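Note that the chains take the letters A, B, C, D and E in the order they are written out, and that residue 1 is the start of every chain.
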Amino acid sequence: MTPEMTPVATPFFFYLLSGLAIIGGVLVITRRNAVHSALALIVTLLAVSGLYLMLYAPFVAGVQIIVYAGGIMVLFLFVIMLVNIERTVKERQFNRIWPAGVLAAAALLGLFVSVYVKGKTLLSDPVTGKPLWPDPTISLPDSSNTQQIGVMLYGNYMFAFEIASLLLLVAILGAVIMAKKRI
Amino acid sequence: MAEITTLHYLVVAAALFVLGVIGVLTRRNVVIVLMSIELILNAVNLNLVAFSRMWGNLHGQVFSVFIVVDAAAEAAVGLGILIAFFRNKETINVDEIDLLKW
Amino acid sequence: MLTSFMSYLGSQFSPGVAGNQLWALIYILIIFAGVSVAVIAMNWLERKALAHFQVRLGPMRVGPHGLLQPIADALKLLLKEDIIPAEADQVVFWVAPLIGLLAAFTVYTVVPFGPSQAVSDMNIGILFMLGVSSLGVLGIVTAGWASNSHYPLIGALRSSAQMVSYEVAMGLAVVSAILMTSLNESGTGTLSMIGIVQAQQQQGIWFIFKFFPLGLIAFVIFAIAMVAETNRAPFDLAEAESELTAGFHTEYSGLRWSLFMLAEYAAMIAVSSIAVTLWLGGWMHPFPNLLSAPAWEFIFSLFPALTFGGLAAIAFLGAARMPGHSFFKIQRAGLAVFAALLGVLALLLLVVAIAGRHADTSIAARFREGIDYVYWFVLKVAVFMYLFIWYRATWPRYRFDQLMKVGWKVMLPISLGVLIVTAIVGVLVK
Amino acid sequence: MFLDHIWLIPLFPAFGAAMMFFFGRRMQKAAVSTVCVGVVVVAFVFACVTVVEYTHFAHGTGQPFEKIVYTWLGSGDAHLSFLKRDGTPAQFNADFGFLLDPLSVIWLLFVTGVGMLIHIYSIGYMAHEGGYYRFFGYLNLFMFSMLTLVLANNYVLLFVGWEGVGLCSYLLIGFYFHRKSANDAANKAFIVNRIGDAGFILGAFTLAWYLGSFRFLDINAAARSGHYLIGDTVLTAAALLLFVGACGKSAQIPLYVWLPDAMEGPTPVSALIHAATMVTAGVYMVARSNAIFVLAPTAMKTVAIIGALTAIFAASIGLVQNDIKRVLAYSTVSQLGYMFLALGVGAFAAGVFHVFTHAFFKALLFLGSGSVIHAVSGEQDMRNMGDLRGRIPTTFKTMFIATLAIAGIPPLAGFFSKDEILWQAWRSADGGFPYLWLIGFGTALMTAFYMARLIFLTFYGQPRMSQEVEHHIHESPKSMTGPLVVLAVCSALAGFLGVPHSLGGSNGFEKFLAPVFERGTEAAIAATEEPHHPAGEEHRKLEWLLMVLSVGAAVVGGGWAYRHYALAGKDYPEPIAVKAPPLYTVLYNKWFVDEAYDYAFTGRRKLGDIRLGAMGAGEASSWFDAKIIDGTVNGAGWSTRAVATLSTWWDKWIIDGVGVNGPAILARMISYPTRLLEWGLVQWYALVMVAGLLGFAVYYVWK
Amino acid sequence: MTDPRSLSPLDLETCEKPYLDSNELIINMGPQHPATHGVLRVILKLDGEKVLGTECVIGYLHRGVEKIAENRTYTMFNPYVDRMDYVAAVSNGLGYCQAVEKLLNVEAPPRANYIRVILTELNRIASHQLWLGTHALDIGAMTPLFYTFRDREEILKIFEKYCGARLTTHAFRIGGCQYETYAGFEKDVKNFLAFFPPKIVEYEALLTGNRIWLERTKKVGVISAADAIALGVTGPVLRASGVKWDIRKAQPYANYADFDFEIPTGENGDTFDRYMVRMVEMRQSLRIIEQAVNGIPEGPIMAKVPKVIKPAVGEIYHSIEAPKGELGYFIVSDGSTQPYRLRVRPPSFVNLQALDIMVRGMLVADVVAVIGTLDIVLGEVDR
């Protein structure tokens, strides 16, 4: 009934949001104070949520905001406040093997880049000749996105859904028991 | 600015992933390590959703919902362990968490 | 631009859906201004209403009957020294009120003042609303932490624990209302705010009365949870002045403090809007199923004019009843001018109502409809605002453990039960 | 109309259980019994009406009725499909569906009927116990699970019921949870059953993988289609796995050990769950899968042999037990063995018939023993009873009838079903089955002996209880004796449903069940080779001869017991103990099976110095850890020390002289790579992970 | 009972550990705090929100009243006592005047006694009203404060008309009253008697049945009778624990013996009982006032007191039932015009001792409620 939302200024928003996300990510891993890191992470999460909206995944975007930004990050902030940080702020921030870590991460980045480059040019499907990363041709109706995800969650992914619920239950119990004062 | 393709999203996700990996591998503060793991998971989610858009079905989005669930569980348990640990050792530095070494 | 300007007036959709960026921008501005004004008015109203609950007059000096008091307050707050404690975390201290404010105001992008009178109609409207309003916690937590002081820290922990706990009951109550939207032929519900109101329109009933008393219970739970969610009395533990001086904003002053207040009141209006949308039929006038004849439509469309007319009359009466002393000359004149303004507004509304009385697609009719929608929506929200004030005047404050007990042991099971029963009844009815 | 709402039958008790779960704590006892017994009565009535309607529906053709309420697992979506063994895709579908055919009709009727009677009985029995609502809630939950099991139309739903009854059994055995023995027994039952359940679920999935469905009708149709040869390996494996499940649930060798211990539960529970209904679930399941078993002769033989062995084995233990409920428990195991014997020799109908009659008289025996225990203030040891005949007459009379029935005295129910089994065992074509008959015959003899022993020790002889107890003896309330009488009538008359041809009957029971057990094409050919009704006079005479023999055995066994126990006073001698003391010891200690299990599986006992079983494994790993790993570590330490000593020596005597720090450098070079592996820094491990990830990715991208 | 002496004092050194296990937090409540009724400073040791212990720091309002007395004549000192419990100035004055009268062996005339009783009981109501308003405000109910202040105004008007002051009344003189009642005094008092009962109903309608109020007050700040006696707690706090002790009945002064009234007691010694005791006390005060105003005799209002008060050498202790409990004056006279030593036994000061055992194990919010329910006035605590 409603017309599909037509994306506006897509490139602009994409670069804005991804820029925010990456800057946030950089801040997360560089700040001394964990609270600042957490705030930066929130920025990243919200930016990623915006990217989901651009990808016609409003439900995932909503879940991202509610669960991540509203739930998990509050938990993080809570914990950061509980464990005192005055000492850790003054200490060395990186461990002794950080060059190795950065090197490994750089190798990983190189891997990604090379795969993407290859995927764009070489790795096309030999049979159909289609590239590995086709441009999105089939448009998803985002007006019924939530309904469809619901149908899939309760249909195809029934087991996974149930197991996820069980996982959450176990996590709750585990977290409660571990965070208890006296075990 | 050209049109935004799937690859663009993948590149962003790769960047976030690598940032997360750096955080996990180098930071000493456990809380920040955990946050870096959230970054990694987010990068994966972004990939999944981008692929979901690319193929025009919703499986990727459903999976990303599951990953969010997983992240919530991971954060809860991880922080629980962290608090329990902090209570005993009064530190939240990864390289001081090496009791099993002995 | 003109076409884009005019095209919206004939459109069935909210500007966000129709892709009309100009109008979306206009709406954002209108809503921002409107909410700010509403908060200011609410400030005055709260002081006056609370005063009258407590057998006193409230502000009387600044402007007639204290009408200009909020402006004076705002000026005072703007001019106050902006203190940042030396030991505070400067950046976070600075950012915290903005987070709260941003969260409170972003919610309004999906508030449906009418079927096309909204910034946008998101597919995940209610989810978005709950999510973004839950971000307000972050502002409070960071404010409490950044102050680097004990009272704010306790206040922040209290309030975030409280908001997180009550969010659960709130969400479940919301879900039971959303379930009700799926009772149509296709069997698919909707999360869109406008869709929810339209579902009520199609089913010809406000959800508060649906499956009596299930809808009512869910509504009551939401109504309680939203008070807790906004940290208002009797759940105002986070800023319990008798215990924690001022809770998380103890160290705040001046402009920053006023931002917190702005956020709090904006959040109150926002959650009230959710309640109105989900259970009280949104923009619909009362008895949508019975009184839907054109004659009734016309009568209901006279309400805005009547309301403003009534307000104008009250203001005139007030002006007339002012003491005849020359000290009151200016005040009397001011009130008279205010009354005259209200009267003119009433006349304008009357003209629009009469000009647009035929339900055609003329601009006047569209205008009339829009005004009606916004009027009824705002009226219902105003009732909630009054309730907020009333609660504050009547009840003592809960203790923290009692609050948590109520949230987890009373509200959560009830809302879960209501959700389950609603689902069962919904299936059976189908 | 009722047939269409067959899914309501299990829901009635479920409703009762839910009521108990949510509100039971606050309800009066009267309200509890009204609700809980009420729902079962309603279920029974509903079941009866449904069955009547079903008989009209089926018109004697025995056509099954299937009602699928909704698709429970899987959505018919291609994403949930899997590849069958033969490579064709199949749906993973499990419905919430109900199947009514003659087999489930029989179970439905006696589960609800006997269940109802036992519910009524429990009102009186449990009147003074704590946890009243809990007990009835569990019972109702059990009824729900059992009915789900019986009415399920596929293996998955059956498994739900299967696990449900297992859970209820666990809960009810451990009902007196403050008694350690009850808790242990409950745990034992649960754990032993898990072993069986593992087999069952593997079997069910094997079938689904092989035949492409969980639905009984699909599986039966496939099995009977003739596509599969007799002796098909996969089907044999599946049948054996299913039989493992049946062994667990129905207490067959080697998984029978839990059932005698399960008598820790309240007596009505023993009657309902551990005698009449739940333990026959295994029989039901095997009977339900008869189409598979028919295709797997090896499995059939296994079933028959295990059944026969269990029968005689348990009966032999029952000969000398003193606890009244334990005797009955071993009797149950033995009778279950009979049933499996019948199934194993292909006489499915006979097995089911025995389940049917056994449900009545064994429930009656248990309830009667409950009544006796009730009368003698909770005493369970028969050595402390005696001469109760005149004091609790109703109980005595009904129990006597039941004893006659189980011993196989004509014309009571047990006679017909047991003789049918023995006859089928004798008659079956495959070689070696007369031996099975012999075992069955021996079992019958023992059965008569130990049942008569129970009766005589309990009701005859001289009173051996204490004065105080004797003073308290009283007949049980009406709500307890009522069910006893009804069950006694049933035990007396139920046999006439299946009077064999040889006695001029029409064997209506077998006819009724025939559609369920019809053979498929392949199997039918095999079946035609042996005529189904050997009408020859020879056969009839043989059959009569066997009957006379078994009745004779019953009389002999009973008579022997009479000789030794009828006048038993205090310190009466046990005949077996007198004649063959070692045998008595072995029997009294149940062939030392529990001990053997402790040695072999749990490891609670040590075999010499070695511990086996689960604890043994733990101990072994502990030993491995302590000796090998720590030894290696210590060895490394020792060798390091040695190297260090050496280097000190070297340093002192050689380096100082020569002036080179070589050994120290060497030691560091040796230690460095070791340290790299076990640094203790989590991020190092993560780094290794990333490196591994990189390696894999590089390999796959550029291979 | 828990011996209050067995409670270990707050160990400030070991508090604030830097790690989570202890989780102990030191919080300074006051002296600038909305709920400490002035300048009380309470140091709270908290485990999360749970109170592990308290330490009251007092003296921020110390003015050396007792020392001042040694440098003033008996008459000159009279106004100073009004500044101690400034919400119950009349009671303070009554106690002092009666103590000096006792020292001088002077008896106030009957009419003066009647006036004294009427004013003291009015003052008791006023004090309780102020307590109710602030107590409710501490617990979060804003509205009662304004209601009680509105009604307290009526009492203050009577005071003002009688002696010209509203708060620090200085109403009585040694030997009687300075002022004869003004014309219409009795009418005013009777008007008040008619005016006030519906207002108590109004307060109770706001609070007594209120669920939140009940949850906040019941089982909060419990103190047993034995503990209360051991600590020397008096007044409504003691009576709420079930001890029927009221100086007006136990050692009647002025002419309280002439009046018929009851002593309300509680059972549980919790905040709610103290609330109820005070509510009933207000009604009982009305009864006393009614009897007094109806039976007020004619006659002189001053006894014969020498112009220069020079009591004989000796010492005297006299106590009265002030709104907050037993208010006692111990005066040592060396025969001069000034007291050699004057010591006040203030009820607020003594009652404040009970704070610690009342709040241990409770939550922060309860500390506020308990401070409110103790009804302390810092002017009296610090003197």
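The definition used in the following text is that a contact is a pair of C-beta atoms (placed from the backbone, for glycine too) under 8 Å apart; a residue touches a chain by one contact, two chains touch by 3 or more.
Keep in mind that this is a model prediction, so the values were computed, not measured.
Identification of common neighbours of subunit C and subunit D yields A. Distances between chain centres, each the mean of the C-alpha atoms, put E farthest from subunit D.
Compared on C-beta pairs in contact, A-B and C-E come out with A-B as the pair having more.
When chain centres are defined as mean Cα coordinates, E lies farthest from subunit B. One finds 48 Å separating the Cα centroids of subunit B and subunit D.
The distance from the centre of subunit A to the centre of subunit D, with each centre set as the mean of the Cα atoms, comes to 50 Å.
Averaging C-alpha coordinates per chain places the centre of subunit A 32 Å away from that of subunit C. Each chain gets a centre from the mean of its Cα atoms; for subunit B and subunit C, those two points are 37 Å apart.
Each of residues 18-21 in subunit E touches at least two other chains. Counting partner chains per residue, subunit B shows two or more touched chains at residues 21, 24-26, 83, 86-87, 94-95.
Those residues of subunit D lying in contact with subunit A across their complex are 73-75, 77, 79-80, 681, 683-684, 687, 690-691, 693-694, 697-698, 701.
Residue ranges of subunit C in contact with subunit E, taken from their complex: 50, 53-56, 150-151, 154, 158, 233-234, 236-237, 240-245, 392-402. The touching residues of subunit B, counted against subunit A in their complex, run 1-12, 14-29, 31-32, 34-36, 38-39, 42, 45-46, 49-50, 52-59, 61-62, 64-66, 68-77, 79-84, 86-87, 92-95.
Those residues of subunit A that touch subunit B in the shared complex are 10-12, 14-15, 18, 21-22, 25-26, 28-29, 31, 34, 37-38, 41, 44-45, 48, 51-52, 54-57, 59-60, 63-64, 67-68, 71-72, 75-76, 79-80, 82-83, 88, 91-98, 100-102, 104-106, 108-109, 112-113, 116, 119-120, 133-140, 145, 148-149, 152-153, 156-157, 160, 164, 167-168, 170-172, 174-179, 181, 183. Residues 13, 16-19, 21, 89, 91-92, 95, 121-124, 127-128, 130-132, 134-135, 137-138, 141-142, 145-146, 153, 156-157, 160, 164, 167, 188-189, 191 of subunit C are the ones touching subunit A in the complex.
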